[in-house]
Amino acid sequence: MSDYNFAYLDEQTKRMIRRAILKALAVPGYQVPFASREMPMPYGWGTGGVQVSAACLVPEDRLKVIDQGADDTTNAVSIRRFFERTAGVATTGRTAEATLIQTRHRIPEEPLTRDQILVYQVPIPEPLRFLEPRETETRKMHSLEEYGLVHVKLYEDIARHGQIATSYAYPVKVEGRYVMDPSPIPKFDNPKLESAAVQLFGAGREQRIYALPPHCKVVSLDFEDHPFEATKADHACDLCGSGTSYLDEVIVDDAGGRMFVCSDTDYCEGRRDAGHRGRLAAINQEDAA
Amino acid sequence: MIEVSGLCKNFVLHNQGGAVIPVMRDAALSVAPGECVALVGASGAGKSTLMRMVYGNYLADAGVIRVGGVDVAQAEPRAVLALRRATLGYVSQFLRVVPRVPTLDVVAEPLLALGVARDEARDRARDLLARLNIPERLWPLSPTTFSGGEQQRVNIARGFAHAYPALLLDEPTASLDAANREVVLALIDEAKARGAAILGIFHDEAARDRVCDRVVDVTRFMPGLAA
Amino acid sequence: MTPLLQVNGLTKRYGARIGCADVSFDLCPGEVMGIVGESGSGKSTLLNCLAGHLEADSGAVVFNTRADGPRDVRLMAEPERRMLARTDWAFVHQNPRDGLRMGVSAGGNVGERLMAVGARHYGGIRGQALDWLDRVEIAADRIDDRPTAFSGGMQQRLQIARNLVTGPRLVFMDEPTGGLDVSVQARLLDLLRGLVREMGLSAVIVTHDLAVVRLLAHRLMVMKSGHVVEAGLTDQVLDDPQHGYTQLLVSSVLQA
């Protein structure tokens, strides 16, 4: 395999991280501080998620890494390769086959099961940060459940844009207690936060881990007269025809031509394999041929 | 209604070597309901000082100042405030108001402070301002820019807005023309008729002779003479 | 009448220096207490100790709570104290920038306290914000502007609206008219007086402006070197000051 300890981190570090994870699972939505290590990648590339994954991986695991829904972007490829080298675990692109999924900015379309762990890379774990810059104050606000400020942010959205314009990193309240930043996933994914899988959030630079145990209650914050809406582009996927998945808009030429495709590449492929076709699927296949 | 006895007052000037200036010794007077009593005496004899002490504006060093059952000389600030709100009115020579407040509200304010409804308080204020010949176009304006005579009349209207059982008047007819002087004297007569006890300073002797039942010469309360 | 606030022997030291020493007074509903003194006299220290921004060394600050009657605020748990601070209490800072969220619209500033106590209806919150902007004489079409676009006087009025929207019973004010030009001051004084009367507010106002306390405060405390040297009816203290320091203070005012 390699000269590295299994999954790169030494065992003491992994135990430290696991303790943080257990505490995070016991207090859903609460940000647990942990002694984040220097990883062989820059901050912002998923150092928090990688450490959480490293602490969770066992040799039998099958790992999937996605970045913005895709398995083949730089960040996903390099993290997948990192664990192939340092842990020697099997990897996969198929959501259903994976036992541990590390993700950046998306939740897979396919519902996760109780046998899976979803690890999020988190840039800024503090949902109150942009409203209240003082860490001492935000900690106090969490401990005293003073969350009026989060609604001030949503109020500002409506006042300025006529609707809640926050479209990603949309704040949620967990089990009626902690307000949590679900990481920069689109708000379309917020309903999927109530899941059968264990969901772990790792912020490396900010040294915080938080978690959602299976089936815990996650409510997206809103107003009575401006209820939360999980929005997406008003299109069907141009490749697989799905009308219910989250879409990326892709500019295809210099003349303003564009297409909408599933952001979850595995989901899209699975549908096409099953014979579903979208508006531009034929053209796309010709191009490929 | 107003009973003063054994009243003494010294001014102590701490910043001028602690100089003690005795200004009043054993002052005593009483004013019955429906009676108007004038304070007389040379300038500097202590007329205003005595009046201010009755109002609680100056502290007394000794003695009793009983107004409607409250001893102003001993009362807590809160009790003095309650007395001023409901029982003891004061028309001073100077109008002291928050700039920008309309004249109508300045006059209505004593009633509002007593919890009278806004409309009712304003109606009463309109009546008084009209009687005192303040042109209606001035009512929405702040009195701070008015002439001396106008300010004085606004001050009187304010002082008579509520039917205080006891009233202190400091030169109420000064700087008024004959017509307005008549209105003020009529107001004083009406107050007496409803049973108000009035203590006043009137340099205007004719006015004094018309409305006052008695005079009290404060010169005899001057410490120099007593000693 | 049960006083709304009873302060007993409140003392705060900064090391060997005295911030404020052995201050006692009580305040009934609807009363306004003025605290005057020169810079460094301890008046702001006292105000901050009362409001819980500073921890006093000894003494009691007993507030008549709606739920449980008189309670010593200094012995309350922090959540309770903070709850009090955003419901029944208000604090108006001298510099509106300290009391406003400068990056949040006027409506959001006014609505924050409502949302903090659970308001979740956007239309309702906005309606109340509009009502309060009107009461402090800020035009309705400025509701979505940020305070950075407001004049100093408007910012101060916005701060007052933001503080009073939850119907507090006690307001602490630290030089509320400081830094404003005189015409704006007058407008603010008029507004404050009206609000005090209409809402039955009690207030503790710290200022060095004797004209302000004469118009606003029922009672007055004069502070020097951390001690209350004189207290009483406002006009009596100003017109017949007994303590040497008060006499100096009153005689030092420039006549306009």
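Labels for the chains are A, B and C, by order of writing; each one numbers its residues from 1.
Keep in mind that, in the parts below, a contact is a pair of C-beta atoms (placed from the backbone, for glycine too) under 8 Å apart; a residue touches a chain by one contact, two chains touch by 3 or more.
Remember, it's a predicted structure, so these values are computed and weren't measured experimentally.
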item	value
Chains contacting each of subunit B and subunit C, listed by label	none
Chain separated most widely from subunit A, comparing mean CA positions	B
Central chain (distance from its CA mean to the mean of all protein CA atoms)	C
Centre-of-Cα separation between subunit C and subunit B, whole angstrom	32
Whole-Å gap between the CA centroids of subunit A and subunit B	77
Separation of mean Cα positions, subunit C and subunit A [Å, integer]	46
Subunit C partner contacts - residues on subunit A that touch it in the complex	140, 144, 146, 148-149, 151-152, 155-156, 158-160, 222-226
Contacting residues of subunit C [partner subunit B, same complex]	28, 31, 183, 186-187, 189-190, 193, 197, 214-215, 218-219, 232-233, 235-236, 239-240, 242-245, 247-248, 251
Residues of subunit C that touch subunit A when the two form their complex	78-79, 82, 86, 101, 104-105, 107-108, 111-117, 120-123, 125-126, 143-144
Touching residues on subunit B, where the partner in the complex is subunit C	12-15, 52, 56-59, 77-78, 80-81, 96, 98-101, 112-113
